[in-house]
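One chain, chain A, links the two complexes that follow: it is found with chain B in the first and with chain C in the second.
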Partner chain A sequence: MNEAEQVHEVRLTVNGAARTASVPARRLLSDCIRHDLHLTGTHVGCEHGVCGACTVLLNGAPVRSCLLLAVSVDGADITTVEGLAGPDGRLSPVQQAFAECHGLQCGFCTPGFLTTITAGLQAAPEPTDEQAREMVGGNLCRCTGYQNIVAAVHRAAELRREHEGAAAVPRRPGPGDVR
Partner chain B sequence: MKPPPLDYSRPESLTDALRTLADLGPDGKVLAGGQSLVPLLSMRLAEPMHLVDINRLADLAYVTRADGQVLVGALARHAEVLASSLVPAAQPLLAKALRFVAHPAIRNRGTTVGSIVHADPAAEMPAVLALLGGTVRVLTAGGERLVGARDFFLGVLESDVQPGELVTEVRFPVLPAGAGTGFAEVSRRRGDYAVCGVAALIALNDRQEIEQARAAYLSVGPCPRVLDLTEALAGAPADSDRLPAAAAMARELIHPEGDIHATAEYRRHLAGVLTERALLEALAEARDRGSADFGRQPAGNAP
Partner chain C sequence: MSSLFGARVQRVEDDRLLRGSGAYLDDLGEDALAAAFVRSPHAHARITGIDISAALAVDGVVAIYTYRDLPQRLAEPLPLLIPHPALSHGRTPYPLANGEVNHVGEAVAMIVARDRYVAEDAEELIDVSYEPLPAVVGIDSARRAEHLVHADVPGNLAARAAQEHGDTTAAIAAAPHVLELDLHIERSASTPLEGRGVLARWDPQARRLQLWTSTQTSTGVRAAVAAKLGIDLANVDVITPDVGGGFGVKIVHPWPEEVLVPWAARRLLRPVKFTEDRREHFIASAHERAQEHHVTVGYDDDGRILGLDVRFWHDNGAYVPYGLIVPIVTSTQLLGPYKPGAYKVEFDSLYTNTVLVTPYRGAGRPHGCFVMERTIDAIAAERGLDRTLVRERNFIQPEEMPYDQGLIFQDGRPLIYDSGDYPALLAKLKDLIGWDQFPAVRQAAAREGRRLGIGLACYVEGTGVGPYEGGHVIVETSGKVKVATGLTSQGQGHQTVLAQLVADELGVPITDVEVVTGDTRRFGYAVGTFASRTAVMSGSAVTLAARKAREKALRVAAGALEVSADDLVITDGLVHVKGDPDSGIGIGTVAVLSNPLRYAFDEAAKAATQFAGGGDMNRPPVAEGDEPGIEGRAFFSPVRSTFAAGMHAAIVETDPDTAEVTILRYCVVHDCGRLINPQIVEGQIHGGVAQGVGGALYERMAYDETGQLLNASFMDFLMPYVSEVPRRIEIDHLETPSPLNPLGIKGAGEAGVIPGAAVLAAAIEDAEDIPVRSMPLSPSDLFELRRVSHEETA
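Up next, the complex of A and B:
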């Protein structure tokens, strides 16, 4: 083992922006995001892959950032909880649903739920109750008892459909429209 | 909960990876998905070492079918194997068992080959490989060897991979017509390691009688345990009510140990219950696959 730890350059695209960090091989992605990139929205709970609080999207798929070495995902596209809201600060459908359904209390686990569900609804846009529970089955919350989180999954699916519907389907002209 | 200082290499080709592993010898440790290795490092249960990161070897991220085998490359993530369009027909047990492997976020990064090499007695994929009698392909800078599942698992977290070697592929035999599989397990919470788990395989003959039945057990010993349960079921019709006899036989044959998760007695009880459930699922699948292969009976010509 070298006396001085060898440092590796890591290039990441984080929430759409190119970022670089110089890290030792042992730097966990969760620590790289928080300490090197100063994005403290990603929370670190158990640090061994059980609680799901540190979940981020790696090339669009949810992963535990505490179970990855930053150097090993060099070149990847990462989305953290900071990247979910719109550029104008408007809440994403999943964030909006959590607010509406009281899907959080202390909020510590919330970043992991938000990223997990964001990806989950892309895979299953109209989840059954079973699918909604399976979606969040790997994330621990010690406050809510999960009922409101599952409700938020369904509400988020509704909001997504509304957003997409509003964006994709041109509104029909109505009687009140001025031509 | 941080890993110790580590040396690190990230080879860009299989040749480079094998050369690096050969040079490092016992100091080299392969990093693929890292879903077991990284927490072991964080908890300081694994010694400081030189990691050889194979995540750039994109050629190893395959799931294909050849010569009666489903071939899974060392960089195929669990999620990719689960989503593979060839798996449901070629070897449905893979998909059934993969749904029990941790959570989707773990399956997105963890590899099926890595799980087998890691050889956790509570993990699903080693038991599946053992039940099906699959093969592990091990490469060195100098050559290749193929190891059968029976010889591959040596003990708790110990598999037959020597310093300088890289497992590049695992091969699961394709499920023949008239055969079916089942998987059942009990864990404390969804996605946890199993307190006990059973993978089962039943083969029917062309008279739709049970010709062969076996089951593999996880979390009941240091290595996946495969039991031949044919004696309890041979010749029974495909709608058999004799499955409890096979479950009783399994309870007699296994010798689980107790730990903080479950007593030995409770594990034995679970093994019996889960054997019956997994066999029931396997029998149903065997009937379905049999009839699909032999074609439908013409109407009015029922036996």
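Up next, the complex of A and C:
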């Protein structure tokens, strides 16, 4: 451990933009996103995959970025919370629904909920109450008691239908991508 | 009053947080070195040696510190924040262990390195030799005192304190009926999703320290760090970034890391950051709740309490930096909405070799509520009376307000309830849950082989605790209004409710109001965020500050418009004559005119320059006693706390086979005085109820007899997910305004959690017909209760 660590180049598409990072093999994807790519919207709550705060979309599917090594996802397409708003800066249906339903308090767990629900609504665009609860059933929140988060899932589904045709996971660069 | 007070205004905080643009502690300090800590693996041990040589050789390690490196003031124990005459043996930790460790997780050495990965590599190579000592774990072991946590604290007794109102022994002796109960609550913890964290930057040219910390009190940290590091207060800025939840644990200060990180940053002339990881949060921050209580109660045939004697034992962990606040709150708030004929309470605060105990949301009230409500239910059961009837008979009546309980509260002031209407709350709760209809519901379920129970619990919560908070409001020449208050936010929506109050008071759009909390550069006098006090304290302070700014704006505008200030109003940022909204001037222009200028910085500012004309040439441009600007600064310091109240009721179903408990309905009636923003109050209730459910059914700190915390992870410490909380929380409000502040409000932050254990214990007891005396109650606990009860019956 006295020698400098060997670093590896990782190429990623993050929120629609090509990014590269030079990281040691042991760098967690969550740390890579936060500290190498400087996208600090993804939060780390437990670093053992239980709380879900660090959830990002990996090729469209929600994953816990604290359980992945950055080098293991070389070439992947990643969406973080910074990439959820539309190219015009408008909040996505899920983000908008959280604001309307008071679905967040301290906001620390929120990015993980937003990414998880964004993917969840693509799979179940008109969720039943059971599906809505199941969708957020693996994410911890200590502030809200979850009632307003479940309400936000339903409201987001409504908003998506209203914005019909809008892609739930934008592939074009958003304002949060630049750095 | 006006348009925004009482409105469900959407939060102004949210847009930023939803875009991932929040700035929490670990999001800051990109260029900072990382700190990590060697923490004790033993609950109790002497340190016989520390070898850092191998760790120092790790590439990227910048410094390693142990106790021997600490300069004089840092080498002293951390402050005892709230001294009390009964706290005869107060002990606090050293920033780094001084030859002895007293709980698993206590910091022994600090590593500063290029990043956290490297710091943890070095941590593994630091060789600490320990000579283990017997560990004291749990209240029984502390009370037996076969071993001592601190060799110089006999009996492990930090404090013994007592209060009495009336002659309790005589009242109980004379009572027709007497019951005794033993009641127990286990440990849980605040457990915010973001742990603790601190970033420090020392500017050697300016000789100035900037400190960002995830805290509930920036001014508290500032004073403590300035004192410990010997820096003038004026040269220390403490800035609270976005905080990912607090719930009490972040009111404790200074944490060892909060003094060590800035000390290292100054020594190394490099910014240094510490970000706590999850395991560290479990073993190196603070817990709460563990108490054992013995109740003796005397009452009459109708269930009226004639005398109540409560003896309890509080596990304060290894140290008591926060003094006796939790047991004092239990001993006073236990009384809830009731007026026993006489009341005596005595507690022991005991050291154990476990993580220290400081307030967690509710701060002693959930245990007090559990004790009182279980006692009332036991009286009702013994007398064969309806549980709501026994409560009604013991309530303080609205016409008895203000009501003096004859005790001293946690703020050192008399426990006098300011206002409240407990019979009205109970009536609302009975309606909401359908108390009187429940027997039919139970029978219908029983016919399907289902086991249902109902319970209720009542509490009174002293909120808006002093000593004071302040606020500052300034109108900029753009018309934007900047507001600052010194206490901090952890997600409650303070910026929103304070902006509502200021927008109303000033008559400006809320979108023009920006509120900053917890930044000592903006407001240096403050206490902190705890005890459901922000709306009452800072809400009142910013309202008074905005009122001053408004008076000034009207006065300046009156001069410019040549009308009387009494005829002017401000609507939508325009100062105008009442009834004539077209003839006014913008509040930003008024701000320009209020500040006589030599130099024009923009077009609008020209109006205030020296050759612009206007003004009486025989008077100074700024009148004697006046100041430039449209500004207001005010403080609010109430004579004592205001007392919010509430009552919860739940219907549960218990599984006859698996002993699982399902909450079918959860109803809340709540009185926090006038509501500024019902959506935010409801959000606070939702979150509190979830923590109450967690504490009642799932969460416990599982220590083994050697003092190892066996469940120090989110895998094993069962914080509720969505699947564990009630689907819906039915809420009704009552508003009895407080006479103690200009807004008539009371606090709401902690309320939701207080009756959780009490109400669920009551409902489970009702379903099972087995006395519940200890919480939390897991399915295996309930299974065991059934087994024991079955054996006793047989």
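Here is the rule we use: the second predicted complex is superposed on the first by the 162 of 179 C-alpha atoms of A that agree within 3 Å, B and C clash if a C-alpha of one lies under 4 Å from a C-alpha of the other, contacts with A are read in each partner's own complex, and residues count from 1 in each chain.
FYI, contacts are C-beta pairs under 8 Å (C-beta built on N, C-alpha and C of every residue); 3 or more make two chains touch, one makes a residue touch a chain.
What you are looking at is a predicted structure, and each value in this text was computed from that prediction instead of being measured.
By the touch criterion stated above, A:Val150 is placed in contact with chain C alone, chain B being left untouched. In the superposition on chain A, A:Thr40 makes contact with chain C only, while chain B stays out of contact range. By the document's definition of touching, neither partner reaches A:Leu121: not chain B, not chain C. Looking at the shared chain after the overlay, A:Val23 reaches neither chain B nor chain C. Residue contacts after overlaying the shared chain place A:Gln6 against chain B, while chain C stays out of touching range. Put simply, more of the residues of chain A are touched by C, taking chain B and chain C as the two choices. In the superposed model, A:Gly138 lies in contact with both chain B and chain C. Using the contact criterion defined above for the overlaid structures, shared-chain residue A:Cys106 touches chain C, although it does not reach chain B. When both complexes are overlaid on chain A, the residue A:Thr80 reaches chain C alone and has no touch with chain B.
In the overlay built on the shared chain, the residue A:Thr55 is in contact with chain B alone; chain C does not reach it.
Comparing the two complexes, residues 1-2, 24, 26, 47-48, 137-138 of chain A contact chain B in one case and chain C in the other.
Those residues of chain B that touch chain A in the complex are listed here as 1-8, 10, 31, 34-35, 38-39, 41-43, 48, 51, 53, 55, 79, 102-106, 108-109, 190-191. The touching residues of chain A, when paired with chain C in their complex, are 1-4, 24, 26-27, 34-35, 38-48, 50-51, 53, 80-82, 84-85, 91, 95, 98-100, 102, 104-111, 114, 129, 133, 136-150, 176.
Against chain A, in their complex, chain C makes its touches with residues 10-11, 13-15, 17-24, 26-27, 30, 57-59, 115, 117, 121, 125, 191-194, 242-245, 247, 277-278, 490-493, 679-680, 682-683, 686-691, 713-715, 719-723, 725-729, 752.
By the touch criterion given at the top, residues 1-2, 5-6, 8, 24-26, 28, 31, 47-49, 52, 55, 58, 61-64, 66-69, 71-74, 116, 120, 134-135, 137-138 of chain A touch chain B in their complex.
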